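First comes the structure, then the notes that go with it.
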C-alpha cells in the first residue's frame, strides 16, 4: 500500500494535480504490482521562499512561473 | 522523545486538534513508557486536491464534510 | 484517511509496536470520526546516533535502554 | 525541482527500484514540465512490523510476498 | 545531495529564512564535504495549533511571538 | 522548538554525525533565536539504491565514496 509524496513549488492548478496523481498511481501500481486503489498520493506545495538550493531561496533565484519556461521549478 | 505526525484533511476545528493531540500523547507516553512532555505531535493538513487514492483526488471523490458521515475522510 | 507517523528510538519489540499501532488507530478513528480501516500507522525507528537534541547525539547522551527507566527515550 | 518520496514494504530488488525511479521521474518531468535531472526520487522501505492499517501490523495481516499475488502490499 | 528540512513555527520573515537557508547550506556542505549547490533546504511552517508538546497545543501554551523572548518557539 | 531532518547517503561515521548535529543546532538556535536544547536534529540515511536523480539510482550513477572526492554525494 505505497504512499507517494510529491514536494513541489506551490500554485499549480487542480487540472495538473489530477493528471499527476493519476499518472503516478498508474506507474506505481504497474511497477510494484499493486492495485491502484492501494496507492496514496500526497502533494506538498512549498512557497518559493521556503525552498532553497545552493543556499539561495527560490523566491530570490527564480521568477514566479512554472516548469522549464517559467523556470519556477 | 517520540515525534508523532498526523496527516489529515484540512479544516478540523482547534477543539478537535486539542483533543487529538492530548489523546495521542497520552497513548504514546503510556505505550512507549516515556514522559508526556517528551512527546511531540505535529498535525499536517492537506487540501483535498492534494490527496489522492486510487489515482483520484479527494476533492473529486468526496464532499467537503469530515469523518464517516461527511465522508471527507 | 489519516496517516500517522511515529518517529522513535530503534529497537522496541513487535509486541510493543502491535499495541501502539492499535491504540493510536483507535484514538484517531474516535477523535476524527473515521473508520479504523482508513487509518495508516507508520513506525520510523532511528538509531540513537541519528537523533540529537540540544546538539548532542542520543547515543552520547543516553544509555541503550528505553523509556523512563532506561532513559533511552 | 520536485522531490518524490515512495514509502513501501521493504525488500524489492534493485531492478524494480531502478525501473520505478525512472518511470516516476519521466512522469513527473512530463506532467510538471520540468527537466528530468531536476527530479529527485527517494525510496523509503518499511518493515511490515512498522506499517499498520486498521490497527493491525502488516506482518500480522499479510504474508511475506509482494504485490497482488504475494499480497505483502 | 543532502536534503535538509526545517520544521518550525509559522510566520518568520523572508529575511530570516534567507539567512537560515544560507547558513544551514554552508554548514552541511562543509561538514559533509559536498558542494553547496548539491544541498536543498526546505522550510516547513506549522500553525501553533498544529504543534503540541506534552499533549498541549502551542497555541494554548505560548504567545504569538518568536524565539526566546517571544517564546513562540 | 524546531525539528531539523537531514536526508543523506548512508554510511558516514558517528564522528561526522556528531559534528553535523552540533553545528546545525548552533546555527538554528542562533538564526531562529531559540535555545539549543529546543532543537532536534534527525539524520535519515538512504542506501544509494533508494535515491535517484534524473531517473538514475545513485548506486548506478556514483561510486561508494562520500563528498566531492568520493562523489557518493
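Each chain gets a letter, A, B, C, D, E and F, in the order it is written, and its residues are counted from 1.
Rule of thumb we're sticking to: a residue touches a chain if its C-beta (ideal position, glycine included) is under 8 Å from a C-beta of that chain, and two chains touch if they have at least 3 such contacts.
Just so it is clear, the model here is predicted, and its values are computed rather than measured.
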{"item": "Farthest chain relative to subunit B (centres taken as mean CA coordinates)", "value": "F"}
{"item": "Interface sides of subunit B and subunit C: same vs different residues, half threshold", "value": "same"}
{"item": "Chain separated most widely from subunit A, comparing mean CA positions", "value": "C"}
{"item": "CA centroid of subunit C to CA centroid of subunit E, Å", "value": "22"}
{"item": "Subunit C-subunit D separation of Cα centroids, rounded to whole Å", "value": "22"}
{"item": "Chain centre separation in whole Å, for subunit F relative to subunit E (CA means)", "value": "16"}
{"item": "Touching two or more other chains - residues of subunit F", "value": "1, 3, 7, 40, 42, 51, 53"}
{"item": "All chain pairs that touch each other", "value": "A-B, A-C, A-D, A-E, B-C, B-E, B-F, C-D, C-F, D-E, D-F, E-F"}
{"item": "Complex contact set, residues of subunit C against subunit A", "value": "1, 3, 40, 42"}
{"item": "Contact footprint of subunit C on subunit F as seen in their complex", "value": "14, 17-18, 21-22, 25-26, 36-37, 39-45"}
{"item": "Complex contacts: residues of subunit D adjacent to subunit A", "value": "1-8, 12, 16, 19-20, 23-24, 27-28, 30-35, 38, 51, 53, 66-69, 73"}
{"item": "Subunit E residues within the subunit B interface of the complex", "value": "7, 46, 49-57, 59-60"}
